[in-house]
Amino acid sequence: MTDARGHEISSEDWSSKDSHMDKDNHRTGPTDHEQHIAALPPSEVQQTTTSLDSQKTSSHLQNTRSKLGLHPTAPIVEEHDYAGHSDLWWPKVRLSLKEPFAEFWGVFCMVMFGDGAVAQVLLSTDQRTAPGGDGFGDYQSINWGWGLGVMLGIYIAGDSGAYLNPALTFTNCVLRKLPWRRFPVYFIAQFLGGFLAAGVIYINYINGINDFEGYGNRTVPPSKTATAGIFCTYPQDFETKAGMFLSEFIASAILMFVIFALKDDSNKGQFSASGAWFPLGLFFLIFGIGACFGWQTGYAINLARDFGPRLMSYAVGYGHEVWSAGGYYFWIPMVAPFLGTLFGGILYDIFIYTGPSPINTPYFGLGDLFRPKNAIQDRVETQKTQGIV
Amino acid sequence: MTDARGHEISSEDWSSKDSHMDKDNHRTGPTDHEQHIAALPPSEVQQTTTSLDSQKTSSHLQNTRSKLGLHPTAPIVEEHDYAGHSDLWWPKVRLSLKEPFAEFWGVFCMVMFGDGAVAQVLLSTDQRTAPGGDGFGDYQSINWGWGLGVMLGIYIAGDSGAYLNPALTFTNCVLRKLPWRRFPVYFIAQFLGGFLAAGVIYINYINGINDFEGYGNRTVPPSKTATAGIFCTYPQDFETKAGMFLSEFIASAILMFVIFALKDDSNKGQFSASGAWFPLGLFFLIFGIGACFGWQTGYAINLARDFGPRLMSYAVGYGHEVWSAGGYYFWIPMVAPFLGTLFGGILYDIFIYTGPSPINTPYFGLGDLFRPKNAIQDRVETQKTQGIV
Amino acid sequence: MTDARGHEISSEDWSSKDSHMDKDNHRTGPTDHEQHIAALPPSEVQQTTTSLDSQKTSSHLQNTRSKLGLHPTAPIVEEHDYAGHSDLWWPKVRLSLKEPFAEFWGVFCMVMFGDGAVAQVLLSTDQRTAPGGDGFGDYQSINWGWGLGVMLGIYIAGDSGAYLNPALTFTNCVLRKLPWRRFPVYFIAQFLGGFLAAGVIYINYINGINDFEGYGNRTVPPSKTATAGIFCTYPQDFETKAGMFLSEFIASAILMFVIFALKDDSNKGQFSASGAWFPLGLFFLIFGIGACFGWQTGYAINLARDFGPRLMSYAVGYGHEVWSAGGYYFWIPMVAPFLGTLFGGILYDIFIYTGPSPINTPYFGLGDLFRPKNAIQDRVETQKTQGIV
Amino acid sequence: MTDARGHEISSEDWSSKDSHMDKDNHRTGPTDHEQHIAALPPSEVQQTTTSLDSQKTSSHLQNTRSKLGLHPTAPIVEEHDYAGHSDLWWPKVRLSLKEPFAEFWGVFCMVMFGDGAVAQVLLSTDQRTAPGGDGFGDYQSINWGWGLGVMLGIYIAGDSGAYLNPALTFTNCVLRKLPWRRFPVYFIAQFLGGFLAAGVIYINYINGINDFEGYGNRTVPPSKTATAGIFCTYPQDFETKAGMFLSEFIASAILMFVIFALKDDSNKGQFSASGAWFPLGLFFLIFGIGACFGWQTGYAINLARDFGPRLMSYAVGYGHEVWSAGGYYFWIPMVAPFLGTLFGGILYDIFIYTGPSPINTPYFGLGDLFRPKNAIQDRVETQKTQGIV
């Protein structure tokens, strides 16, 4: 086997090279599987492909994955000798749904820690028997919970890009060439993750809720014993609709702007936070959004984190008020994050990003709006060239 | 000496290569010594073995270690010129018991910081003379204490895999081929670490306890001056048995699920947290479990951390109530972590893990239950091939 | 193509080398773009230059940038195929103003999080309906907000050196050869970042402010419902002018001294914090200044963070008291940081720094004061040699 | 020039290799300059020496440094073209005193942040006008202050080994071959750092102290308005002498045990925390000691941090009570840390450390006590061989 530089290299060399690329926490740039594949030298791609072709079922698998909007080749390391179990039905299913499963469990983890923190702090408010005499945590514990929930969720969901938020998937589709066909399957996975995690939190804290509200009572703010705030966000009562919307919009814009900065290795100076530093950066970012913009509306900034658990709280009996509270506030954390992250992303691309983005095309990409057919065709072609769809 | 690529290499080369492998904080995968040995190219293994064979006592040492379920070759760096003291009796003992000592001191450190934090916060509740006027810490200090106790404990116990928890050893035996013969010796080391650390905490805080409870009094919750909670966990009084069990079960499942994710370099994206990032990841994980699931039962999630100190508190005179409190709650943090971590580990292997695991065999490994003889034989053979037992 | 060592190397080699240099988070030293350019071997500089020369517009761009005091070559990665959009007017503007934009958004981010944290904590003081029953954060949340605001701001502003503070730019001009011509354009960007971020915070929290002060009221400390402290700092009322000045001076000196230590790779031991560790180090530094020196004057230590938002608070109607409060205290956080950072920097250079600094010239650089013409000429020549101006 | 592998290499190669070794944050082991020198291949040592010999003043410098117990060659990077200022008197002084200056400023930084945090929290206790309504920080702020003060102090004092504590220097002399002759000069530097930093804190907070105690009053606990606790530690009043001693002893033992673990790359598993991770590890360690063992005696664990500031508080007028308080408690934080760190270090060497240590000699090194002459001779010879003295 010969590499591009004309040296003979042993297979050991390949694996070390391979593992270097795979394991290197400091590499820059590619945030998604396709980009990883695209970045490999041709011979490596071939090798990867070959090893997958040797699976008899692989073409079926690739079809399934393509239909779901995923890359035909699932992200999996070669060293894992999955040949041994590759013809079992479940590993095949898992390979087909690798990224959705990753998003599901990432959001699940995030909501478990986040809602769990709210539950613990809220239900133990003022409890004298706690060590320290003042409950089992304070508002900062909630910042910790959401921050580290996102951080650990990213570790869990590494294979899918770890978006954990439909609004982030959406803006990456618009500005970073993430294929649109992937949006619905990610969306469903993220929503289900939030929905089911809220259910587990409910079961876990059911005795505490009964103790706090009185047996069987389930109320929504502004009730004085309201526990609905464990699951999803409710706004401060002095806040106007515009203020609520703005608060979610600003927090979402900050979220996207900073994430783009963390992932942007062209804006590197020496301070790139992609790779191993990214999850820690997200801890600080989410902590900060909670500590600095979390008061008015509870920093939902994520449909999966807010609507999913809200639906669950409705299902377990919190009543119609989960929708009507705050003047039917519930739609704001569904809509504002999409607009906010898009705005934040555009802002970043206008002022800082030098890489490929619709913003970096004539008329800031608005030109494409007048020739949609061409624009879509271009996009699809690019994706095909890069082997994305 | 010639390497696989046909270049002559000096011994200096070897050592630099060696030290690269040793020092590299970012390498992925192997969480145990055997895997490390197994991963070495043949010539290096030979070299390591040779240098150990040159010890006259090494075959005796290897026997002792094998009997304890440990790998025949102790994890030790060559550069340490232990030839100079290798025939002293204590270094030989230390080499035989390297991993158990590591687990012992890791758990010792964890419980010192964890129980120490509870002691300080509990005993200084409401103290006006503290700077800030409200005691020497709050509930969050306890999250810090356990989180960083585990983190520093992992640094101490690097050589043994740093499990620090019998339930984690157990689930790694079931799902990650850690040899079962190692379970008992690790168990004893972990238990003793927790037991003795609790004793040191008791001695250290004895005057504070006397001041808080009244001289010589030692009480258990729900007593208003109870200090037994310093050592081990007691449940909230509204909680049912099922709720207690569930709370421990869920927290343990999260613990194992996230640890498997952190250590799983096949699920890498770019966010792998194995290597140097692992202890920091565990800080956040333990902090999170305490801040989000620590209220109902005090997040024991570890027999060594709960039963060890509980026995010590019984020994120093807290009375029969340490067992009977909460309706003989004490068995829950002994049993639930084993079931919880197993459940969490299976969940991870079903939905995300693509590497070798019983779950990735026919019928999710349940097939093995009907042909136990074959299954055991397979396992032992694999271990022999890899030089584990 | 041949490198300095006489080996033939392929272009792939170059790019890997290139990317190694770019991606390496652990490299030491250069904190500014020029130094990066200066550090490249000649052939690489040529290559970079060539690829930029191929832009027809590049000479115009270089002129514009030179006039602004920036390095003629904008910091941009080659891999970004900006050829595709390099003749659009906006990408050209963005390339001309890359560093000022970076400083603007870095300060904007910092003030958003910092002022946002103060707003949330102040406006929700004592709020019973918060989970935990005591508001949405405490004084520590403000330490978190400023600390992580600076940290994330550095990630955003990597390309410009991420000073985010006119006083830091100033001291780097004096002691670290940052060209003086860059000071004004950075100053304007930093000031505008702080000014506009304060405006966004005001709009975001306007309903909360109305709720706290009473509709339409806007007051300044020592008013009991004062909210002006959200935007800029006001001193404790027992503090003397000298005490205020000293507090800002000391905090600024610590800031510069520690930053020089973090960036100084000649003082390395093994603990260098340059590169990827730098933003995290700054989080701890800013947190520490807030937790340890933030009481008397609110740790402004930055004209852009204090004067910018102060002007905005005046503009939105907090009245003349924003200037007269604390006995016309407002000038202290404008002046003291410049003197403090200069003092801290000189202290570091006298006692620790061994690299090139005016302090490491005869009479601690005071000699230059008596032959200013020569000194300036020397400086300009050095900059030309290094291709800085 | 030819390297061991028979390739011709340019001087550029050497420097890049050099800088790789110097800058590499992940390298293991050597915690002191001599060890670094000792680890270099012979040719590099020669080169370093040569370049220093070319200084005319170098032999004088080496004499001065040797007399102070320092390594003859000061730790300085070659790239710093200090030839330009090497014959100025101050750079020569600085080179002679490089390590003491490093220790001085490291301790200075540590005490500034630590004592500053206590001052801010103590003096603002219960202040209603703080954002959040409850003072400018709580007990945790003090944990943050000391933790990050040590962390940043280590960054500052990298060149000297960053001990920042006479007890740590002492135990490293006993167990890790740090030359005894270095102890006194480090001791003086550390003491002065603590002494003077306390003075700066006093000046900075003098108005706040006057406001808190009443103008001109300066009292010591148990006075209700005592502010002496800002500078040094005072024990809880229920605590016995034995309890005080034990508390300091245990905290110091933990400190040394964990530091040895963090620096021990033979106990590596994959979790080594030497290099870039060390300062962060120390942050968590100091935070933990403060949060878990900081109540009874205020976790002095350091003569420089306690006696230095205590003397300063005596000098500025806190009166004889600074010595007599707590039953002449002041000697405990002077003596206990030495015994505690020694105990902790021995414990680590007995149970975990496999490298060279007196503990790893016959009779745990006690044998040397009976043949002191030989032992000393051996030690000096080793140091000479390694070029340490």
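Just so it is clear, A, B, C and D label the chains in written order, and each chain counts residues from 1 on its own.
Rule of thumb we're sticking to: a residue touches a chain if its C-beta (ideal position, glycine included) is under 8 Å from a C-beta of that chain, and two chains touch if they have at least 3 such contacts.
Fair warning: this is a prediction, and the values are worked out from it, not measured in the lab.
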| item | value |
| --- | --- |
| Mutual neighbours - chains that touch subunit C and subunit D alike | none |
| Same or different contact residues where subunit B meets its copy subunit A, judged by the half mark | different |
| Reference subunit C; chain at largest CA-centroid distance | B |
| Separation of mean Cα positions, subunit C and subunit B [Å, integer] | 43 |
| Separation of subunit A from subunit C, taking each centre as the mean of its C-alpha atoms, in whole Å | 30 |
| Junction residues of subunit C, two or more chains touched | 26-27, 135, 137-138, 140-141, 280 |
| Graph class of chain-chain contacts, one of line, ring, star, complete, other | ring |
| Contact footprint of subunit A on subunit B as seen in their complex | 4-5, 26-28, 41, 118, 121-122, 125-126, 135, 137-143, 221-222, 229, 236, 238-240, 243, 246-247, 250, 254, 257-258, 261-262, 265-273, 277, 280-281, 284-285, 287-288, 291-296, 350-352, 354-356, 360-362, 364 |
| Contact set on subunit C toward subunit A in their complex | 10, 12-13, 19, 22-27, 30-31, 75-77, 79-82, 84-85, 88, 90-91, 94-95, 101-102, 104-105, 109, 112-114, 116-117, 119-120, 123-124, 129-138, 140-141, 144-145, 148-149, 151-152, 154-162, 200, 203-208, 210-211, 274-276, 278-280, 283 |
